[in-house]
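A, B, C and D are the chain letters, set down in written order, and residue numbers restart from 1 in every chain.
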Amino acid sequence: MIVVMKEGSTRAEIEHVMQVLKQKGFGVHLSEGTEQTIVGVIGPKDRVRELGIENMSGVEKLVPVSNPFKLASRAFHPDNTTVQVLDHVVGGETPTIIAGPCSVESRDGLIDIARAVKASGAQLLRGGAFKPRSSPYSFQGLGEEGLKYLAAAREATGLGIVSEIMEPGLVDLVASYVDVLQIGARNMQNFALLKAVGRTNKAVLLKRGFSNTIEEWLMSAEYIMAEGNPNVILCERGIRTFETYTRNTLDLNAVPVVQHLSHLPVMVDPSHGVGHARYVSTMARASIAAGAAGVIVEVHPKPEEAWSDGSQTLTLEAFDQMARQVRQLHELTQSFQRQEATV
Amino acid sequence: MIVVMKEGSTRAEIEHVMQVLKQKGFGVHLSEGTEQTIVGVIGPKDRVRELGIENMSGVEKLVPVSNPFKLASRAFHPDNTTVQVLDHVVGGETPTIIAGPCSVESRDGLIDIARAVKASGAQLLRGGAFKPRSSPYSFQGLGEEGLKYLAAAREATGLGIVSEIMEPGLVDLVASYVDVLQIGARNMQNFALLKAVGRTNKAVLLKRGFSNTIEEWLMSAEYIMAEGNPNVILCERGIRTFETYTRNTLDLNAVPVVQHLSHLPVMVDPSHGVGHARYVSTMARASIAAGAAGVIVEVHPKPEEAWSDGSQTLTLEAFDQMARQVRQLHELTQSFQRQEATV
Amino acid sequence: MIVVMKEGSTRAEIEHVMQVLKQKGFGVHLSEGTEQTIVGVIGPKDRVRELGIENMSGVEKLVPVSNPFKLASRAFHPDNTTVQVLDHVVGGETPTIIAGPCSVESRDGLIDIARAVKASGAQLLRGGAFKPRSSPYSFQGLGEEGLKYLAAAREATGLGIVSEIMEPGLVDLVASYVDVLQIGARNMQNFALLKAVGRTNKAVLLKRGFSNTIEEWLMSAEYIMAEGNPNVILCERGIRTFETYTRNTLDLNAVPVVQHLSHLPVMVDPSHGVGHARYVSTMARASIAAGAAGVIVEVHPKPEEAWSDGSQTLTLEAFDQMARQVRQLHELTQSFQRQEATV
Amino acid sequence: MIVVMKEGSTRAEIEHVMQVLKQKGFGVHLSEGTEQTIVGVIGPKDRVRELGIENMSGVEKLVPVSNPFKLASRAFHPDNTTVQVLDHVVGGETPTIIAGPCSVESRDGLIDIARAVKASGAQLLRGGAFKPRSSPYSFQGLGEEGLKYLAAAREATGLGIVSEIMEPGLVDLVASYVDVLQIGARNMQNFALLKAVGRTNKAVLLKRGFSNTIEEWLMSAEYIMAEGNPNVILCERGIRTFETYTRNTLDLNAVPVVQHLSHLPVMVDPSHGVGHARYVSTMARASIAAGAAGVIVEVHPKPEEAWSDGSQTLTLEAFDQMARQVRQLHELTQSFQRQEATV
């Protein structure tokens, strides 16, 4: 953290700032320019911001200079992390493809979808049993019944299961059925929930909040890791902007930025990212070219009859084509990344 | 909901859309223009959006036309709602002033602050016992110990207590100490938490998520009300935009818009809204002029020694002046609103 | 500007950065912490950002620390600036009220409006002769004919005239008719236009671009002032956010922030800011309470028959009431500001 | 356009709305539901929004249903448009690669860069002669001297020349030197400039404003086309969001959306989009996978010595590698698009 003093701040003001910081246990380092004086602060990073330093006489502003995350940072762990889910490795040689219906609807229907997406190359099955809905009057999911159907689909196909968890009190229940605990965008800063999944050893798919910075996202990963669970998979799913033509603005820039800042694998959800089925396959391809470890998409045999999110759901045929393209692109992209490493 | 058909859509496409909607139990109403055909849809509002209608051949897009909230809407309840907290009425003749430290720090310090803000005219005391922090390494609050200090401050001063609740499992505990349960911005769409506070009869201060629309905010109020708790107080606290000079962009437009759409009282938090103490009093005044029922602000005898949020915290002296100005402005604004009602 | 080095950057990397900066003529100042090394850079501020320093080995990022504007800054000119327009002083004791139709429509109709708004206390008349329209098929304004009507309205009432200028080639023409040249939001970074109005001595009403930061806005003021014209009046008119209920998000926080950073007077346009007539008076009041020097609003005898922007246009009756309220609030707000200065 | 009436609006209110619309020459179509009545409006699309209908008694809101652009729309021109620049076809079989320095610096240096990027496969050379700069104190470009160097580079290499034009008065001058007139993001709604380039027959590279919707962008293309110039190439270059880690948020979703709505070719500028050289090649690849017709990037032999934008500038070596990857990906992406057309 740096404290920038106002032009014309006095010697007494500067010394008062330094004295207060020293009393709080921070190291300080003075740097006087012809126009501007700055005080570098060394110590517990996020504590400085909270002090009222900015209110002190002669202070212009505070400027942060370093990242507040540790376990999630690439500086701490230079090599890429991979996350094992059953016999599939997320972040490895093969692109991870997660597919399934928005909501779990029926046991048999789900097993049919699971068989179809497996045949197309998916390694993991997604399906909502507890659904976050803006309206209390919308369908809220089948609950534990839905989890049972998901487990049945795993038994039938061998696919690993991904499902969303929305409250700390349900972590044990959901974890007993699924292989990957999904934290949705609205809960990215539900810290009680992050801690609860951090105390399990299940893989966690942590979606980016639709209005959270990349730094906040990595801090939420840090919450999970600080509790002892290193199996975090990040997932970009679109941010909220002024543009209304797409449901959200899928921020693919986040993929290489996360890879620069962190060692964790990062996937993309183009279904929620754009919100219209006609753009999903294209954005899945762009995600892979941006370096994503894989994609998670919504599929349904008849999107117009799905109980939720039909507008952004792929048919099984469109998914099959997308999956093939994703594998081809992933191979090409990996060869590009190997070239880059050698430049 | 309206289904807009593509220019040049065929008769067969239009009829297929109408048939699917009818099968799902919706009423439909066809309107054919020279250039564009639209299908009006009558029925459970938010279900339509979820169908895959948008994927159907000949369909251009869906356009929502009506609000999805009911209990929170002014159409449902034309008169203003007031919320009683001990002997104070939020949304009544007197502006509500909530003040206190960001975090509860010590029993005696808190009681001193409570006495000071009461003397300046505050009716409610705020203080964080469980703190939502972006970093797992930041101070997370004193927990139940903090709640006990808050209860002691109520005993000493008669001020009602406002404190944040972050997880469903702690609702009973927190509700046993405080008078107003605060839902923070990050939890505005923590639906399990909304339902849990909806099952109490405590007043709830529902902050707007920093990236949530006014419609989503009212839907979250609906979640609480649908569980049986009508005592919802809304609180605007700034949204996230491209502007970085202020910590957030306090959206005062939301005040008159909420008053148009809903009967619930709406307050403003200028401390988090702008994030710099030097602008807080000015924005508190602007909030009241925009018609807010009151303000919630952070105060501390020595902001530069506060354990958190010092940069946006008022001194007791600045708060005292602000409170007097808020009362004067509220009286003038109410007289303006009475004039307006008669135009 | 500060150069933050990566954790683990080498002595050679640090020295190379310093050497390059010195060669470019910058002063440098090294500050080594236990975890992080930073290099302070002294010199022409915005040039550093352009260098490829960030690409150099061992560099983490660049952090700006000082404002890039000079003539517009309060540091350069501590007292408030006022701008004289005919016999009215913008930024003085009396709130400035600018009113008139979105588009100039007819000579007689305009004179009637001018008489009405003068009777209600407006000092300046607004009216669009050259209109910026998103669509080439929309009404583009009456052009010079409209300017003639505006001049006629000044002759009839004594009101100063405000009208928008959209291209450098028309500055002489427009300046020959009007008293205040308005730069619209879409042209806030039309640098050729800024320079052209900077070469006149007319007052300039510089609207904030709907996606421009406060810093960029003050830099655009700097463009005008650097050409020799000090008569700049700033005008907040709403920024673009994810919220769609209002046409824009009026950012009233910008008012006290600008007053902190700059000496220039700042007004507010609530008509464009919220975009719905029913909220305009309320947000005009909030603007004044936030400390604005005045407001600019759209009025029309029959908004539903206006040629443009009818949705956000006040009737003459609503305007008359708003103007009285604005004056009362301005007086009260000024008394508050005097109190504050003495705390 | 649709007029949504309030719940409980009266027959008289509904009829008054219809009567006013009919008087203005619009067709109307009434649709009465059990809860909500809507009035469909048929006629000149953007005129309705401007009427004060929304202020009329009983009216809830207006909802637009159709696109306001015509010449730029795919409905109007179903096949893809290609734009010829010298012997290169933008939007054809080969990906368009535009490269060059941010600012033109010297004649010989520019020719060296031109030779290098041509050898790597670029077909067009970019270089700024007139530079839009936030600060009046920044380097503003070499002006006509820079144009002469660009023309010399064309002579030496055969590459077509792309350079930015910032004011209507300079269109003839710039057009006499370059092959593609670039409209920068800040001028996307500089309507006088759009009309001026629309009156030439030069190709125009129209960048998206950093806060403009896709619809506004296509309306700006419509301005150019309505003047008679069909040679418009669109270019996505990042939008402004709350995320500050990247300079802008490159919105690749815009690529397939534009291709759905319009027949014009769309390119991407990853240099400005992310603003850091280390992410440029990755985002160039993602752009091509999203279906872009090509990319425009900033290159310099020594980015750390460039006069502007060094932070986002590729070295010649990095560019050469990127160009090869772009060609490979474009071929693969085209094969995917052919597959899709047959599904």
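Throughout what follows, a residue touches a chain if its C-beta (ideal position, glycine included) is under 8 Å from a C-beta of that chain, and two chains touch if they have at least 3 such contacts.
A quick map from chain label to UniProt name: A, B, C, D = 3-deoxy-7-phosphoheptulonate synthase.
These numbers come from a predicted model, not from an experiment.
Colleague: Using the touch rule from the top, work out which pair, C-D or B-C, shares more C-beta pairs.
Modeller: If we tally the C-beta pairs in contact for C-D and B-C, the bigger total goes to C-D.
Colleague: Which chain has its C-alpha centre farthest away from the C-alpha centre of chain C?
Modeller: Computed centres place A farthest from chain C.
Colleague: From the C-alpha centre of chain B to that of chain C, how far is it in Å?
Modeller: Their C-alpha centroids are separated by 30 Å.
Colleague: Starting from the mean Cα coordinates of chain A and chain C, work out the distance between those two points in Å.
Modeller: Distance between chain centres: 38 Å.
Colleague: What positions in chain B touch 2 or more of the other chains?
Modeller: Correct list: 211, 240-242, 244, 278.
Colleague: Hey, which residues of chain B end up touching chain A in the complex?
Modeller: Answer in residue numbers: 20, 44, 46-47, 49-56, 62, 68-69, 132-139, 166-169, 186-187, 189-193, 195, 209-211, 216, 219-220, 222-223, 226, 240, 276-278, 300, 302-311, 313.
Colleague: For the complex, which residues does chain B have touching chain D?
Modeller: Those in contact with chain D are residues 2, 4, 6-8, 27, 29, 31-36, 38, 40, 42, 63, 65-66, 75, 211, 240-242, 244.
Colleague: Which of the residues in chain D come into contact with chain A in the complex?
Modeller: By the definition above, chain D touches chain A via 211, 213-215, 239, 241-246, 249-257, 260, 273-274, 278-279, 281-283, 285-291, 317-318, 321, 325, 328-329, 332-333, 336, 339-340, 343.
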